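Shared between the two complexes below is chain A, which pairs with chain B and chain C, respectively.
Coming up: the complex of A and B.
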């Protein structure tokens, strides 16, 4: 199974998440030098790819997750991406955003922020945004989000060095992002408060209790299945069986 | 940690969560999504500003045009014909050149083998079998691919493909399938196995299965060269002027026929074993990007052209050897190849083909690319063995083996409508996880192919048109 990437010692894992068609594959290729086929239409990357690059004499294993609009697991791709981020515990997660439709893309970023704090936002397609006369205030976006934001135009190779640098800093711990958490309406927040103490019993230090509580409120069955798998099975040998199951269940 | 197993703790927590959920009146999942959107909107407001824009209106103008009711379809068909016209016209000369060079080298090889004193059978297997088959594969396939794939990648890169899906959505709806199916069909043009994998972009399992089962009705690049070669020889060649354009029209018609079959089969599946209503389509229309020519050429050559060529060479080389051996091992006074073809012949004749053609399709199961080379090899190795050094003489080979325009059309029909190649079947198994669906994906096109060729042949023969 591709997702249970074999991680070597001294190697950082970096997950690439993002909406479909925001240039994840292009960034993946640019970072790793692999030639994954890219195309200008959503859903191009339905298989996962992984590749390796080196920076500052450290090895980074990049996992290109399928493009998804959310992590609420309505589709198989969303489930794969969510389970990977939740349970595989990558050292850094890079959320690639399409600068030309920032708002829609931020939905995914905010959801990723709930799962992990080791996040970098890569604001891609800046060239396209400029062409569309969109102006994004990157420093203030960085402040709003609480995570490093790197503006890139991957097709032109712009901003990639900066991205590598930030990935290295977050992976090595010299930079510790504190991603903004979604403020829910009062009903949700109240219900969360009720649930959190209970959830903290099952969440170990890699899982975010808040995220689990939210999924419990969702009544998200697929997540519970993944979670119980995860809790029952030794973490080191965790495999994404759920993906196989969900694929065959149809 | 307490003695309780984690999963028991989990189910308890889940029970508690149920209580909490039920104590509130509204649905949390909707509220949570609404809140996420609200947060994203807020952030965006703070950081995004926009100058007066002309670019968006530019995209919109193009979109209104290419997805318009009156202009959308003609444009799609025009592009289809245009791409094939360029492919056929452009491939003519390099094909000819490659054939000349490669077959000239065959004579040289023969000389070397004679000089080295190699036994006859070694020369037969390696030169007349392996080398000659490879020469055919390369001469017939490489030029059209090297033109078609960059053109296709160009369309892909510019952002036009999703517009096709958008245009076709309502037709697929009527067939009770998903509009994204047309995207998976586009992938199928490259390779049906890739097309089947790409069906993962369809969310509904029912619609995904429909798309998987019908993907084979799009001719993949393994079949294009066959289609192109046969039209060029038999249809366009018969009408001297505008032959390129006529060939392109014929191929486009074949593809439209494939689309029609796809829609009909999708509809029939939806009415029978895969009952259900179509789900709605959410499709993002990406903005148009100017394709990077260098990247397009690089990718279409490396990822597609060379990939496919490599695959067909890997399959064709042993196939060439096997064919030569079969054609030169005699049982009684008949070689094995003719014997098998003889058995298949009555059946082949019934659907307007012959035993050799049917056998070539059967042997082509590993990869459709080698159907035509196998066929040529079979004809050459059993008939009067002449040296063929140009593509024009291909026509003579076929005609001397009893081909008419009816045979040509039937071969094209059967090429469009027959079992998927082994790789596609394997991929279908991987994607569906069920032998039942694999079997169906084999059976449906095969039945349709036999029926279509049978009816067409009987009608034409009844009216005495041939």
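Coming up: the complex of A and C.
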């Protein structure tokens, strides 16, 4: 399926993630010049649309993921988005946020931050926010989140050059975001400390060990299944189950 | 004041009144979804309108209107806010 997206040499892959109905497909179209169907209802993009654009003589393969509120529940859309972000290892992930309801949208951004550090936040629907008299302090947001924040109004084509520029910088490594990580309660953090060394072996430098450990603590079966499918590590996951059971037995 | 500290369930809230989430006694996927929509302990929430048969009810949460079934809302516990306290 989507993970087998042919990625040519010298091509960067860019994933577009975000809540439903924040304008991901509009941004996708604006970047690629394609006419992927957009519509003002949630769940419109159930699978992934892909397109290509060029910037600075580099080719970018951009993948429009289904809109989700989270990567932790188990609807089809959420699994598609999560599996792509975790296992397809995109060069850049752009989290598109609705500037008019930033608070609710940041939940997903923080989850993505746990998966990858190559993140850009795209603050879309700035035109709507202005209409609602909302003023967003972008530099402060950037500082708080630790990642580049680009304000856009994709329908008007505003901010897209800046977005392309930032995508290029993060993809090429000239800009290295350090996304803010959530610190959990000491119980969880202690359990993580115990799990991390076990997880690092299978994380294989592509997946964040902390994210894997958190999902293991969650008992997220759906993620475990995806993990063994994509990384072919049945053995390892069985060992984890033993570990978990022995922990529970204690 | 003492009255305002009473804990109710979200489904008992009357139209137009404000409250603050205290705890969610939901589990599994529904709990996850509710949390992801920004309904977490401490969140301010206002009851906006009710469906024709009294169910579901629409609530304003962080600038978004969200409808919940009353059987689910009954598992969410809230503290009613008295007049003059911060509103949604």
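Heads up, the rule we're going with is that the second predicted complex is superposed on the first by the 229 of 250 C-alpha atoms of A that agree within 3 Å, B and C clash if a C-alpha of one lies under 4 Å from a C-alpha of the other, contacts with A are read in each partner's own complex, and residues count from 1 in each chain.
By definition in this document, contacts are C-beta pairs under 8 Å (C-beta built on N, C-alpha and C of every residue); 3 or more make two chains touch, one makes a residue touch a chain.
Just so it is clear, the model here is predicted, and its values are computed rather than measured.
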Which superposed partner A:74 touches (first chain B, second chain C, both, neither): both
Partner chain(s) touched by A:103 [first = chain B, second = chain C, both, neither]: both
First, second, both or neither for A:89, with chain B first and chain C second: neither
Chain C versus chain B, contacts on chain A by residue: B
Partner chain in contact with A:116 - chain B first, chain C second, else both or neither: neither
First (chain B), second (chain C), both or neither touched by A:124: neither
Which superposed partner A:201 touches (first chain B, second chain C, both, neither): first
Contact residues common to both interfaces of chain A (with chain B and with chain C): 70, 72, 74, 100, 103-104, 107
Complex interface listing, chain A residues touching chain B: 20-21, 35, 37-43, 46-47, 70, 72, 74-77, 100, 102-104, 106-107, 110-111, 128, 131-138, 140-141, 144-145, 155, 180, 182-185, 187-188, 191, 194-195, 198-199, 201-202, 213-214, 216-220, 224, 227-228, 231-232, 247-248, 250
Complex contacts: residues of chain B adjacent to chain A: 5-7, 9-10, 12-14, 16-18, 20-21, 24, 26, 28-29, 31-37, 39-41, 43-44, 46-56, 153, 156-159, 161-162, 180, 183, 197-198, 200-201, 203, 205, 208-209, 283-284, 286-287, 289, 292, 299, 302-303, 431-434
Residue ranges of chain A touching chain C (in the complex, touch as defined): 69-70, 72-74, 100-101, 103-104, 107-108
Of all residues in chain C, those that touch chain A in their complex: 29, 32-33, 36-38, 61-64
